[in-house]
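In what comes next, subunit A is part of two complexes: it sits with subunit B in the first one and with subunit C in the second one.
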Partner chain A sequence: MKKILLILCTILACAVSANAKLNVVATLPDFGSLAREIGGDKIDIVTLAKPTEDPHFVDARPSFVVSLRSTDVLIDGGAELEIGWLPPLLQNARNPKIEIGKPGRVQASQGIRLMNVPTNVTRAAGDVHALGNPHFMSDPIIAKAVAQHIAQSFSAVDSANAAVYDANYKKFEAAINAKLQEWGAAMLPFKGQNVVAYHDSWVYFAHRFGVNIDIFLEPKPGIPPSPSHLTEVIAQMKARHIKAIIVEPFHDRRIAEKVANATGAKVVEFSQFPGGLPGTDSYVKLIDTLVSRLAAALK
Partner chain B sequence: MFEVMFWPIVACVLLPWLLVYLGLHVVQRGIIFIDIAMAQMASLGICLAVLFHLDLESWTTFAIALGFTLVGAGIFSVTGKRTSQIPQEAVIGISYVVAAAAAVLLLSRAAEGDEEIKNMLVGNILLVTPHEVWERFALFVGVGIFHFILRRNFLLVSFDRDGAYQKGLRVRWWDFLFYAVFGLVVTSFVRIAGVLLVFSYLIVPAVCGINLANRIGNRLLIGWVIALIGGVGGLFLSFWWDLPSGAAIVCTFGALLIFVSIYALIRTRSHAAGSA
Partner chain C sequence: MRKFILVTLAIFSVAAASAQGAASVSTSSPGPAVSKSMPASAADVEALRQQVQSLSETVKTLQQQVKDQQAALEKASLGGELASQQNPEPSPIAGAAGSPAPAASAPRRFPIEDTSVVSSTTAPAVSGTPAPGSFPTTDTSVVTSTPETISSSGAGGSLTAPIAIGGGKNYMNISFDGLFALAYSSARDLNHVEVGDHDPQQRGFNARNIELAFDGAVDPYFEGFANIVFKLDNDNETEVEVEEAFLQTTSLPFNLQLKAGQFFAAFGRLNPTHPHTWDFADAPLVSGRILGPDGLRGVGAQISWIVPVPWYSQVIFAVQNGRGGTGYSFRNPGDDGIFFGRTTTDREARGLQDFVWIPRWENSVDLSPTQVVLAGVSGAFGSNETGANARTQIYGGDLLYKWKSSHAEGGFPFVKWQTEAMYRRFEAGRGVDESFPVAETFHDWGMYSQLLWGFKKGWVAGVRGDYLHMTDSEFTDDMDRQTRSRVSANLTWYPTEFSKIRLQYNHDFFDENFFLADRDVDSVFLQFEFILGAHGAHKF
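Here is the complex of A and B:
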């Protein structure tokens, strides 16, 4: 009977949590993956967006509001990536524990210098984000800083387990530091090479690993490719001997393939999110996969 | 659960009655897709506002959207002639595709972020705010009173067009008035509920009512019951199985219509058997 009640409680998602674990909600799978590294078995994590979903557009479901209502910690990007869908959810959830400024709210971009901050804010240049490019998690060094931020928040909200969170952060930091050498070595032969991407979501990755990703299939962020723009991209790719086009699961792959056919370049499937590509269930494995895929395409 | 689903349920109880009534008109006139065409007209107006960098929440934007809806009302009232080789549904379809395509062209020039625009045009019933519900409720009550006062003429124009012409009504003007008010209602509902849900609320309860009853009062009653069951039931299913709420309601309506149709079929069969 007790068990049934417990199950009922979880199904109906009572505000009273049925266990002693720290409840954590992450808006996007990359934050969720870091939270799992830091929290281990001390937290219950709910990730709102799926790894294959476009982070700009996420369909709200009732469980999103339920999770946000009862969570102790919310991790979001804080750089307007989720602006299309998170604010109304938060408005409905009305959870004081995750208000901005509270220890239960991690805005991952806080303390990070965002790239491509627009000089004017009219947004006439396309779907640019006023605070800068929000796709910062593809840089492992930034990911370390975000992980530390998450560990601090967990410790503040759940001080009994602060030592565990700190130890887990140290472990994550060491893993990234060890890997950075390896990734740098793999990308070194391609330093300064140009790569085309569908959407401008790889500027941090490019900056970290020494490639240039500044030609995009979209004429402006969020605007679908037009014939004249694609013609120009093809001409530039031929002139600069560009060998790879990065697409993500939610982009139109056929457009990338059309351009690849015209230029002899390869289409490389990338994902910003752990779980978005096969065999990438952790952040480190994701960057492993991205680096090896790009290196293979540029060879 | 009620904390999360309270306002969606309130919206599904307080708002659809007017849509069901208008739906009876729309089905009778045989202009099923008029709501989608009207909503698309309004969103074309909003895209134009985007092009001029207007604040999307401002009254100017609302006025432009309303202006485009009135243009749509004008087009549909002029083309709905008494005798015409071209069915009204063709004009509606053409208006829809041209308005949709024009919006794509405008947005490609506007080059503004499309998250807000999509949010502006297509609402999510799960995330309605109390303010949105009350604002629309006030509007719907106003429109409801308007329709109630002028019900004779509106009903005559929709249900007995020949009779309306014989009585010397200025049918074209009544059509325009009907479409203009209709556009206002649809556009305001789309923004909190999305296109799929508006369409379902207009058409499914009306079709169920026509299936089961002949008098307009009975049809309306049946439609209201169906709208209430479909809306609230769909919200419950959406909560229990954690589904997108709008789509859950639409599919509940689909299931209800199947049940009603089967029931109506069995009833006519047994009536036929009884009389034979």
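Here is the complex of A and C:
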């Protein structure tokens, strides 16, 4: 009985405190992490996808509708990465505050120039995204722009705390600017080097830090690696002396290990999302980890 | 001739204008503005010459400065970076080096702004100058507020034009789905063994669900959906079904939502879904025999409410005409005017009691970050055509459990267990003019339970058990009223989310009754599907 009372009190307390704070939902953990930087203790944030799962295929769980139906702000990618699961959630959420065009809706790709926009949209090329490669958050300069977008949205929806959001954004911007020097210096010795990735989700990271990531274990985006394609990759890796293979938490690491064994390259665990690797609970820590891991592998 | 003169004049004026533009661009901030008049006087030329001279001197000194800086940087073993950093975006860096800004501020070892990826509209350096490649030297990064105003500054080689935000450039998503099956069965009358209208109906090839799907925002208030199904009957004649066509509100207050048109009733798990999303090649016995071969759907309206509690709880209430084959257990005159042996009436609605009323309440909780449970109860109440006051009530309960790995790739691996049970109370009257010997009440019930295991990316194995109990009647020899059960097993390969190949085995048992003998039937289906067009989203 006491326990039930306690639970009820907690729920009530949650409900009360939820009213006091700005409710924010982020579809993916990278947006969630930026929202936390900007919102600090002024917001309650719910992140839908897990940092370790494939962001293309997230179950549209009913509990997500509960988060979305009352949220003040929704941050999504806007570049069709979540197209397989976000639309039915939004159809069911019936929340006018997060309609496209409202200040409560942040589409992170807005104002970002997406790379690899296909000239011909055909699924014969695999699961290509018609709007361009949606894995843009691994570029810290883009992350700054998204953070500013989030800060603008928070300020518009919760004007009482606009100064806090602005200050937090400035802090984040300064942190990234300073860190960029560090990351740039760490990656500098490896400029122009080739790196292999399991899936084509690192084009923005590669562009920022001057490495080439254009060989993939997947023959086409979303298509599982085939033996014949892997043979080709191994030959290319040997010819170009490629030292690192990037895999993400949800990829089949054994395939990467096989290729690594055949070529002497190292498997480097990467994640697009804060929380996807140990010790990466913030965006800055994530890029720190990515840069140091890749630098160590390329040495 | 006149045309020719006009064209030359036009060309000349364009050339002049562009020359003027070039001049105004080449003289950037340091010098005073060049006179805008076209015919340049000698004094103007002299002034220009002087300006150019002074400018080139400035450039020389700046170059020297840069060289000095580079030397200094090289000493600090950082020089390589600046030099190499210039490679990817040569023009912006060159522009920056030419202006005094880098000398004034602390030397940046790594760029912290990139106009090629973050488009900016308010920075004067970008929006003011049409020339590409002006590198923003300010520290205030800017984001466009509207996608239409993204300016195209000089972008790197692999970068492309700005994109439209918000799900493509069409007003409507269109997709096309083709679902086919190659069937073998030990029974010749496969159409009596299979209970769903979209199930394989004959030995050999079947094309029972070729579907056009449309959806999109109607306006700020409504979304529209439509599914038009084409199917080929056993004589290869094409039949068309308006399976669904409805609009749905997007932003009613109080978590309410209205839906109106032709739609599947929200009864249980399977009924509201389209056959190509099913985990098996055919409908479960309860779906086909209690709700109907086409499922329970019809023209009507529905209101739903998400209950404001901390878990997912939704109440749905629909009303439909319930008439014809898609209202199977309700105002359905049956084939050739006979249903369950009775000669039926096919009357107009007398009042509200002749509509089908369909309530549903569903709840869901996350047991853990990887486990979800969804449970619901449904009902459907209306009248039927076998008697003057004959009524039908259907009750259903459903349960779904799903586990998905926290490290899922492409949605795999997962385990999904789904069960539905239904009970139907059917008052079978004496038919038109009391022509049937008796009135009786059928208590029919059944359930299915299926377990799906997505063991590897793209691969799903499934088993299903089916049971259907029909009240034994000594008065009707309707084959659809035979108590029966079925076990099924299948293996599905999804090469991508846009195609699938499925092999399924069914074993059917038919119980003996007053008119029909017991028998066993074995069937094998090879189902294949493709989807073209818009990327479908997956409801839970």
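Keep this in mind: the second predicted complex is superposed on the first by the 281 of 299 C-alpha atoms of A that agree within 3 Å, B and C clash if a C-alpha of one lies under 4 Å from a C-alpha of the other, contacts with A are read in each partner's own complex, and residues count from 1 in each chain.
Rule of thumb we're sticking to: a residue touches a chain if its C-beta (ideal position, glycine included) is under 8 Å from a C-beta of that chain, and two chains touch if they have at least 3 such contacts.
It should be emphasised that the depicted structure is a prediction, and the values quoted were computed from it without experimental measurement.
Once the complexes are laid over each other on subunit A, subunit B and subunit C cannot both fit and instead clash. Of the two partner chains, neither subunit B nor subunit C is touched by A:Gly264. Looking at the shared chain after the overlay, A:Gly184 reaches subunit C, while subunit B stays out of its contact range. By the touch criterion stated above, A:Asp252 is placed in contact with subunit C alone, subunit B being left untouched.
Contacts of A:Ser226 after superposition: subunit B is touched, whereas subunit C is not reached. Of the two partner chains placed by superposition, subunit B and subunit C are both touched by A:Asp59.
In the superposition on chain A, A:Gly279 makes contact with neither subunit B nor subunit C. Contacts of A:Leu114 after superposition on the shared chain: subunit C is touched, whereas subunit B is not.
Considering which of subunit B and subunit C touches more of subunit A, the answer is C. With both structures placed on the common chain, the touch criterion links A:Gly84 to subunit B and to subunit C.
Comparing 147-155, 183-191, 345-353 or 453-461 from subunit C against subunit B in the aligned model shows that the clashing stretch is 183-191.
Where the contact sets of subunit A with subunit B and with subunit C meet, they give residues 15, 56-57, 59-63, 65-66, 69, 83-85, 88, 91-92, 123, 126-127, 222-224.
Of all residues in subunit A, those touching subunit B in their complex are 12-13, 15, 56-57, 59-63, 65-66, 69, 83-85, 88-89, 91-92, 122-128, 219-224, 226.
On the subunit A side of its complex with subunit C, the touching residues are 11, 14-15, 50, 52-54, 56-57, 59-63, 65-66, 69-70, 78-80, 83-88, 91-92, 94-96, 99-100, 107, 109-117, 123, 126-127, 130-132, 136, 139, 141-142, 144-146, 148-149, 152, 173, 176-177, 180-181, 183-185, 188, 191, 203-204, 207-208, 210, 222-224, 249-252.
Those residues of subunit B that touch subunit A in the complex are listed here as 1, 3-5, 7, 53, 107-108, 111-116, 118-119, 124, 126-127, 129, 238-239, 242-245. Across the interface of their complex, subunit A is touched by residues 78, 80-81, 84-85, 88, 108-114, 116-120, 139, 141-145, 147, 150, 155-156, 158-168, 220, 223, 248-252, 255-257, 306, 308, 310-312, 314, 362, 364-366, 369, 372, 374, 402, 404-411, 457-458, 496-498, 535-540 of subunit C.
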